[in-house]
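In the two complexes below, subunit A is the common chain; its partner is subunit B in one and subunit C in the other.
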Partner chain A sequence: MAVTSNWCRCTSCHAGYGWKDKSFDFAVEKIDCLVCHDTTGTYKKFPTDCGYPPLKDKVFAGKKLFKAVNLAYVAQHVGYSTRESCGKCHFFSGGGDGVKRGDIDSTLIAPPKKIDAHMDAKGLNFTCATCHTTTAHEIDGRHYDTPAPGKRELALPRYEGHLVKCEACHGTRPHRPEKKLFDWRLVKLNDHTDRVACQTCHIPLYARGLPTNTYWDWSTAGRFKDGKPIVKMGPLGRPEYHTKKGTLKWGKNLVPVYRWYNGTYSYLLPGEKVEAGKDPIVLIKPNGSPEDPDSRIFPFKPHFGKQPYDPVNKLMIVPKLFGPKGSGAFWAEFDWKKAAAAGMKAAGLPFSGKVEFVETVYYHALSHMVAPREDALKCAACHVRQGGRLASISGVYLPGRDRHVELDKIGQTLCLIALLFVSIHGVARIIIALKRK
Partner chain B sequence: MRVWWVGVIILLLAPGFGYSAFVRGQNAGIQLASPRYFAPPASTADHSKYEELKKDFKTPEEVTRACLKCHNKAGEQFKKTLHYTWTWKGKDGRLLGKAHVINNY
Partner chain C sequence: MKQKLYLYTRFERLWHWTQAFLIIFLLLTGFEIHGSLEIFGYEKAYLWHVYAGMALVILTAFAIFWHLTTGAWRHYWPVKEKIPQICYYYLVGIFRGEPHPFEKRPDQKLNPLQRLAYLFLKLVLFPLQFVTAFLLLSYQWWPALGISASFRKVAYYHTAGAFAFLFFLIIHVYLATTGKPWYSHLRGMILGWEEVELR
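Let's turn to the complex of A and B:
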C-alpha cells in the first residue's frame, strides 16, 4: 500500500543497497549497477533485504531458495539491460508475477508474437530499452504527472530521440497499404489517431500472458485455521484467500476500461483528506478530457481494493505490513490498529485510533503487450448502438453508437420526399415517352 | 504545347508532402553517440578482462565502486533518476514517486 514503514520489503526492488528507513543516504556507492546490467541471469536481490542480494544461500518465506550471488562473476559479465533484467522488478510488481500491471509479466522474457508483436522472440525481438530510449541513465516513460517525452511525429530510422511513444516510429497516420498503392479503408482508419490512442485498438485484451489481480480486499486478512495461516488457491492458480493479504480476485484476457487520457496522472497522497462515499475513492487516476487536444481515448486496467482508512481524520492509512514482532507490523501481529499506528507514525501523520475499510480504485494505463495487427479491434467493437467498448466515453460523436433521433427523422423524411418526386418525375417521363410513340 | 497537366499533378501531390517523413521533432538534428534502433550495438569492451573486476568482492558496494572508477559519470547521472530516488517533484510542488504515493496492492 505504501513504501513508508515497509522499506526493506519494498526496497528489495530499489536499484540501490540498504534503504531501510527514512534516513537512507542516496550516495553513489549505494547504487546497484548490477541489477540492471547483469547479463548472466544469476543476480537476484533477496525479497526482504532492503535491496541487497543474498551473499549466502538464503531461503525466502520457508520455501524459495535464493542462491548466493557471485559478485565478481556478475561484475565481469555486465552489458545492456535485457527484458529479463528489467523484468526482475517490473514483471513482479504488486508482489508476484503479473499481479499489478496486467500488461507486463514474465511471459515477456521470450514472448510469442501473439502476446507482443514487438518483443516477439522469433521476430522483432525488442528489448524494453528499444522503446524506452535512454540517455545518460534517464529512461524515457511517463513519469507521474509528466507525459512520456517525444512529439506525436514520425521519426526516421537513424533519427535519435525519444521512441517511447508509438507515434515516434509509426507516425500519426500509421496504417499503410502493404501491396496496393492506396486503400480507402486505411484513410478512414488513420483519421482515428487524433482522438483514439494506438493502444485502444491494438491492446484488445489485457492479462493475455498470466493472470492479473483485479480486486484486493485487505479487510479480511488475518484469519487463521487451527492457528495456521490460510492460503486458498483459486482456479487461475492464484490465491483467493491469503492470511497476510486478504481476499483476492484474479482475471485473464480481460476487456480494458476506456478513459480520456493526456499522458498524465493525478494522485491522492497520504495526508490529503478524502471523504469516503458510495463510490470507491480514486487513488490514482488518469487526466484528460475530450476538449483537450492532447487527450486520446486510452485503455486502462482498473484495480479495485478495500483498504484501511481513518474515519476521524479522513485520511488513507499507511499501514505497517512488514516487520518483526513487536514493531506493530500486520504480517507479524495481524492487528490493523497496531499496524495503522506504526505506519502513520513512520509517515509523520496523525492517527485517531479508528480503522475503517473503504473501497478504492487505481487505474493502470495499458501500453504493453501490443497484439499483432490481425488481433486489433474491429470497427464494430465500438461502432455499435449498445454494448460497445466505448459506450461510456463522452464528448465525441461516435458514428454507429450515437444518433440524433429528430435529425434522423428529418433526413429520412427528406429522402422519402426525394424518392417520391423522383418517382413522379420518372413515371411522368415514361408516360410521356409512351404517348409520343 | 500545353503544360497545364504539370500544374494539376503538382497540385495533386502537394498535400502528400504535408505529412511525409520530415523530422520535425524536438530533437531534430541531435545525434547521440550510440545510434541504436532494433538492437544495441555490439559491446566494445570485454568486462571479464578488467583487473578491477577480478576481485573477491565482499559487498555489492565494492562492485559499485569498481564500476564507478571507469564509468565516472554514471553515479551522478543515476543518482538523479527515478529508479534511484523513487521521488518525482510534481508540477504543483507535491512530492510524487513510489516513496510518496499510496496504492491498493
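Let's turn to the complex of A and C:
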C-alpha cells in the first residue's frame, strides 16, 4: 500500500501542506512548522485534507469532530517539539495508535520506566529530540540517509551533533561496574557490542505498550452485512475484521525476529518486478551480513500482510484506496480491480486487469521502548542449543548453540568407551576378588 | 612385608586435590557453556568457568615453580622400561593376583605409563586449554595483538581438549582404585603416606 493516489488521506502525516497529487512541490514554505512546534495541543490536521488543518469545525467519518484551529493562538505559543507533537503522527502510523511500529505508541507520552527507560516520565524524561538531535532542522533518524549503526563513536560530552545512536552516549563498551572495580560479567557483555546491537538485548519484547498489527489481510476487505460495513473487535480491543481494511491480527509483548543489519534497507519499489513464490514477498528487507564489520544483529518487527498483486505484469499493485465515488477508490466502491486500475494509472505503471493477493512481509527495526536493565535478555535467551532467539542467525560461533557435531560425537564415544572399559574391568576385579574369598 | 612410604608432600596433595576440584568444575561449567549440560544456568556457568580457569592458571604457576625448585619435575621424565609389562599387568595380571611390575619408591613415585600420561597432560593438554582459553577470552584484542585466527576453530580445539581431559579423568579415577587394598592409592594421595609391598 502506497501513498501514491491516496495523497489527501496519507499526507495528513506524510508531509507538509497540500500534497494532493504527484505534482507536489517539496518547497521549504510547504513545510508545516506548527505540526512540530505547537505547544498548545490544539493544532490538529484534518485526516483527509491533504495535510491542512481544519479552519472551520469539521466532522471526520461522521463521528469525530475536528475543531477549527485558531492559528494566531497556536502561532503565539510555538516552542520546542514535545513527545505529543512528534507523537501526533509517529505514534499513529499505520492508521492508528501503535498499528505500524510496535515500538512507538501513545504510551510514550508519559511512560513508566518499564516501558521506556529513557522516556520514563518520573525519571530521565527524555523527549524524542533528546536522541533525535537536529542540525538546521535535519532530524537524525535511522532510515533513508542517516543510518544509525555504522560509525560507532562516543559523542559525549559536549558534542552537539548526532546523538541518535546508543553508542553516541553509552560508548562502545557501555557496561561499567557501579560498585566493584572490575566485573568480568560486564567485560563479557561489552565484548558483544561488536556483533550484537544494544537493542537486541535491551528491547526484549515489543508492543509492550499497546497492541500492534502483525498481519493485515487486504484480500478479505469489502464485506458487508445487511448492506452495512462490518467492524468486529478482537480480544486486544482492536478490530479483527474491518470492511475497509480486511482481516487483521494483533499482538502484545511480542518476541522480535533478528537479522544482520547495517542500518540500511532494500525497498521493493513501485514498478519493480517481483515473482510470487511460496515465501512471502519481502517489501522492505534489512541489509547486512556477518562479513560486514558495520553490521550487527538487530531486532525487527516483521509485519505480514496479504496485498494485491498483478500476476501478469508481476508487480505489486498500488491501489487507490481513498477518494470519492466514481474515482475507483476502494473505500468508496469496494472493487479491487477498479482500485488497482486507478492506483496504477496514478503511479504511471501498467496494469493487466488481473488482481491476485500475495503474502507479503516487511521488517521494521526496533529501537524504541528500551527496557530497564533488569529486563534485558539473559545469556540463555540466545546461548542455548535449540529454540534460542538467535537460532536463525548465521555467521557467528554462538557458544551453547553451536558445536562441531562430529567432534562432539567422537569425544562422547571415546569417553563412553573408556567408561565402559573401566566398568567391565572393575566388575571383573570384584567378581574375581569375591571368588577368591 | 609392607612398608609405609611418604610419597606425596603437603604441597603436592594440596595441588593435586585443588587441581582435581578445578578440573571437574571446569568440565561441568564448560560443558554447560557448550550446551551439553544444564546445571548452574548459562551466566553463572560462564562466569565460574572463567574464574575457575584463572584459579587453575595461578595454581599451575605455583606448581611449575614448585616442580622446578624441588627437582620434582624429574618424576615426569619419560622412561621406556617395563611399559609392555605394565600393560600386560592391567589387562591380565591384575586378574590373576600377580604383583605390579613397577615398584614405587620416593625417588620414582610414578610408573613409566603414568610418566607418559602426565607428561602429555602437562606438555600438550594444559597448554592447549590455556592458550585456546586465552584466545577465546581475548578475541576483541586479536587485531591489536596481531593474532588472526577463527573463533570457531579455537572453540573446537578447546572442546577437543575438554573431551581429552574427561577421557583422562575417567581412566585416572578408575586406576586410582587398583591399589591393594583398592583404596590404598587414594589414601596415599590424601594422607601422603602409602603402604607399599617390599620385595
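One rule holds for everything that comes next: the second predicted complex is superposed on the first by the 397 of 437 C-alpha atoms of A that agree within 3 Å, B and C clash if a C-alpha of one lies under 4 Å from a C-alpha of the other, contacts with A are read in each partner's own complex, and residues count from 1 in each chain.
The rule we apply is simple: contacts are C-beta pairs under 8 Å (C-beta built on N, C-alpha and C of every residue); 3 or more make two chains touch, one makes a residue touch a chain.
Since the model is a prediction, treat every value here as computed from it, not as a measurement.
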item	value
First (subunit B), second (subunit C), both or neither touched by A:269	first
Partner chain in contact with A:429 - subunit B first, subunit C second, else both or neither	second
Subunit B versus subunit C as contact partner of A:384, first or second or both or neither	second
Contacts of A:251 with subunit B and subunit C, given as first, second, both or neither	neither
Contacts of A:3 with subunit B and subunit C, given as first, second, both or neither	first
Which of subunit B and subunit C A:411 touches, first, second, both or neither	second
Subunit B versus subunit C as contact partner of A:191, first or second or both or neither	second
Touched partner set for A:112, first subunit B, second subunit C, both or neither	neither
Contacts on subunit A seen with subunit B and repeated with subunit C across the two complexes	none
Touch list for subunit A against partner subunit B, complex	1-4, 10, 14-17, 26, 28-34, 36, 52-53, 55, 69, 71-72, 74-80, 93-95, 99-100, 124-127, 129-130, 135-139, 143-146, 150-151, 153-162, 168, 171-173, 213, 216, 218, 267-270, 283-284, 303-307, 316, 318, 360-362
Subunit B - residues contacting subunit A, complex	19, 21, 23-28, 30-32, 35-40, 43, 47-48, 50, 53-57, 59-68, 73-86, 88, 90-92, 94-105
Touching residues (chain side subunit C, partner subunit A) in the complex	33-36, 41-43, 46-47, 50-51, 90, 94-95, 97, 139-140, 151-152, 155-156, 159-160, 162-163, 166-167, 170-171, 174, 177-178
Residue ranges of subunit A in contact with subunit C within the complex	184-185, 188, 191, 194, 378-380, 383-385, 397, 399-404, 407-408, 410-412, 414-415, 418-419, 422, 425-426, 428-429, 432, 436
